[in-house]
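Here chain A shows up in two complexes: once beside chain B, once beside chain C.
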Partner chain A sequence: MKRFLTQYRALLWQALQVEWSNSERWMSPLLFSTTMILLFAFAFGKVDVAFLPQLYIAATYLTASFSLQIAFSRVLEPDTQDRVFDQLRTYPISPSAWFLSKYTIVILLGALILLPTLFLSNLFLNNEGPVSLLNSSVLIVAVLMLLSLGAIGVLLSTMMLRSNAKQILYPLLYFPLTVPVLLSAVESSRMILVDGKDLSYLMSSWLGLLVIFGIMYFTLCLLLFGELVKPE
Partner chain B sequence: MIDAKKQDRLTFGIGLAVLLFASFSWFYALRFAPSDEAQGEVYRIMYFHVPSAITAFLSSFILLFFSLWTLFKRSSVAASWSKACAEVGFMYTAITLITGSIWGRPTWGVWWEWDARLTTTLILALLYAGYLIFTNSMAPGPQRDRMAAALGLIIAIDIPIIYKSVEWWRTLHQPPSLLRSGGSTMDPEMRSILFLCMFAMFFLAGWLLWLRAINLQLQAKIEEQSHQAR
Partner chain C sequence: MLDIKLLSFRYQFKTILSQLSFRAVTGEILHITGPNGSGKTTLMSLLAGLRKEAGGTIEYRLPSGKAAEDRRTYVEYLPAEANALFGKMDAMSNLRFWRKLRNLEASDASIRAVLKKWDLDHPLVRQNFPVESFSTGMKRRLALARLELSETPCWLLDEPLYGLDTKGIETFQLMLDEHLKKGGITIIVSHDITPLERFPLRRLDLLQEARA
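So, the complex of A and B:
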């Protein structure tokens, strides 16, 4: 366990240093997210107040999902430079520690993108609107969504390392796989904001599905990551 | 060489038998199945649509099985079968979407509706397509087999969502009428013919799967030998 934690800390520290030295890596998805929100705001124009919450929630999560996809797809990029990835595969490090370090980085990067996205969306899309996504229950839903998407993001990023068509393949696989997560996050938020339901009520419906997907994707990705990084 | 010839003859024989059986089942469904009270004759597309949909979903479970086999046994043969499953699954998913669309036009009045079942079936088609593009975009070898197997596992997990979607979401699509608690709501004669068509479709898919898996194994051997010759 001690060895596992040491490896996890070392890998996480190395990844944090790489991310810290290059702020473009999280800034560009955030800028992308801002652009998308502005585009949505222009596209929606004046919306009937009755439809606003539904549109606002869907547009926000969609924007977050697109921006997160950009950030996730690049998570293993620094490792491919100077053949770090291939060298790490030959070292006796625990694949779980490796996965968890990448997963932690992805969650941190994701939070840096997701939270400003929620704020910006509230500012531009929901100006004087009847509901606000800056609500503790909705934030819990958004974080749960991030935890689910992060696991699948790391796994797909690892898979795409050797692919010749990763630019097109990543979104092609990421979006269909994340549909249940995105849908349950949108529906949970809608039920909290529009129908006034609380989290305990939602646990038996959409939020429960989101939690199940989170656990399932995390477990599956953790197990499969080890298989993917095994040396040939 | 003799073995290959024997295998060719066997494949051809089985294929012919399967095609005859499938043709018979479709002819029987179109000619002798009773008309539906509500939908008239248009419902007969069901005998093609429902077996295709079930075969498409079944392909994903076979994909799951071969993906697990590839991961645990490191078998390149299982990897060929997995890819063959995805190809057959993609073909049947496409058939399901096309026949569903044709059936939807007279019954719902539209070619396409963003209904839960339709959307999730489209997602399945995209996942199969992604899987196939992924395997084709990588250099052959054990690493590609492992990665494709991991992807196959994840795709197979998405299938229960598709099946349960009709119950979870508000949908235009009719609820399951064949496999449901409390027994089937379908007319027994229609049900028997549907089962006949389903078996025919399963045999056809099985034959295609077998044929394609053999081809992929041959292709892998050729790739390996050309790689060694370089």
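So, the complex of A and C:
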């Protein structure tokens, strides 16, 4: 356990240092997200209050989905330089510690993009503030979505490193795998904002599905990651 | 001791290594030779655990004679065409990171002692100076410093002298000498054999082995 924690901490700290030294890697998805939200706000202009929650959900989740995809696809980029990834594979590293460190950094990076997206979307689309779009229930749904997408992000970026298909593989696999997560997040948010349902009610419907997919993806990705870093 | 028995490897439909058996013992250097494409680097990556053998076994035997559960704990690999360094991080952070992954104490003093040997201990070089700005020789010296700091008994070195100047080669010779005296194992692929001639060297020619 001590070895696991030491390795987890070392991998996470190194990833944080690399991200910090290269702010462009998280800044560009964030700028992309801000631009998209701004475009939506300009394109729709003044919107009927009744339609505002739907627009907010559509614009926010679409933007977040693309921005997160850009961020996640680059999460293992520093490891590809100078054959660092291969060197890591020659070290006696616990695959779980390795996966969890990458997963943590993906979640931090994702939160750095997702939370401002939610906030800016509310600010730009709902600039006259007739209804509150950003509440704690929607935040919880968005974070749950991030936790599911993060696991897929780590796995697919690692697969990209190990596959000859590289660039084409990521979008091909990312979209079908994320559809159930995005759908349940969108539906849960819609039921919160439009139908006024609470989280406990949603647990037996769309939110429950989101949680189940989150657990399933995390477990599967944790197990498959070990297979990906094994000798070819 | 590194014990290799009937090792085979195929890449797509081509057989690269076929039923290769040899042992690398403590206190000597095993020099892998052969023409380009004979499988020297493939053999090194198999020994390092990057590739999976099609047949045969690779075992690191502990002094008790028992095979190690995970040989990566005892083996450090230095690839030929790369140094496996994080370009955006400085020398100290790089070495600290790799040492921690081996669960070794990573104090500044222990790292600086090795950096000093490799002439990389200057305050403007060791910290707050990204490794990507290093010259080719400096990067190689840093990778060799990591090798020394790994404290592993078995070293797999693929063209370790690449980019090293005369002083760097001398430091490498001293490090190797110390490693062998401590009972270390070294497997080397190198086209420049002159700096290694002073060491107990055993040759393994992959072309001859393939014909045998």
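The definition used in the following text is that the second predicted complex is superposed on the first by the 218 of 232 C-alpha atoms of A that agree within 3 Å, B and C clash if a C-alpha of one lies under 4 Å from a C-alpha of the other, contacts with A are read in each partner's own complex, and residues count from 1 in each chain.
Rule of thumb we're sticking to: a residue touches a chain if its C-beta (ideal position, glycine included) is under 8 Å from a C-beta of that chain, and two chains touch if they have at least 3 such contacts.
All values reported here derive from a predicted model rather than from experimental measurement.
Contacts of A:Q7 after superposition on the shared chain: chain C is touched, whereas chain B is not.
In the superposition on chain A, contact is made by A:I93 with chain C only, not with chain B. Once the two complexes are overlaid on the shared chain, A:V179 sits against chain B while remaining clear of chain C. Within the superposed three-chain model, A:V84 lies in touch with chain C and out of touch with chain B [touch as defined at top].
By the touch criterion defined above, A:P29 lies against neither chain B nor chain C after alignment on the C-alpha atoms of chain A. Legend: residue contacts after superposition of the two complexes on their common chain; A:S21 is shown touching chain C, with no touch to chain B.
Note: residues 230, 232 of chain A belong to the chain B contact set and to the chain C contact set alike, using the contact criterion stated above.
The touching residues of chain A, counted against chain C in their complex, run 2-3, 6-7, 9-11, 13-14, 17-18, 21-22, 78, 81-84, 86-93, 230-232. Touching chain A in their complex are the following residues of chain C: 48-52, 70, 72-73, 75-77, 79, 81-89, 93, 97-98, 100-103, 130. Contacts from chain B toward chain A in the complex involve residues 71, 120, 123, 126-127, 129-131, 133-134, 137-139, 141-144, 146-147, 149-151, 153-154, 157-158, 161, 168. Chain A meets chain B in the complex at residues 152, 155, 159, 162-166, 168-169, 172-173, 176-177, 179-180, 209, 216, 220, 224, 227-228, 230, 232.
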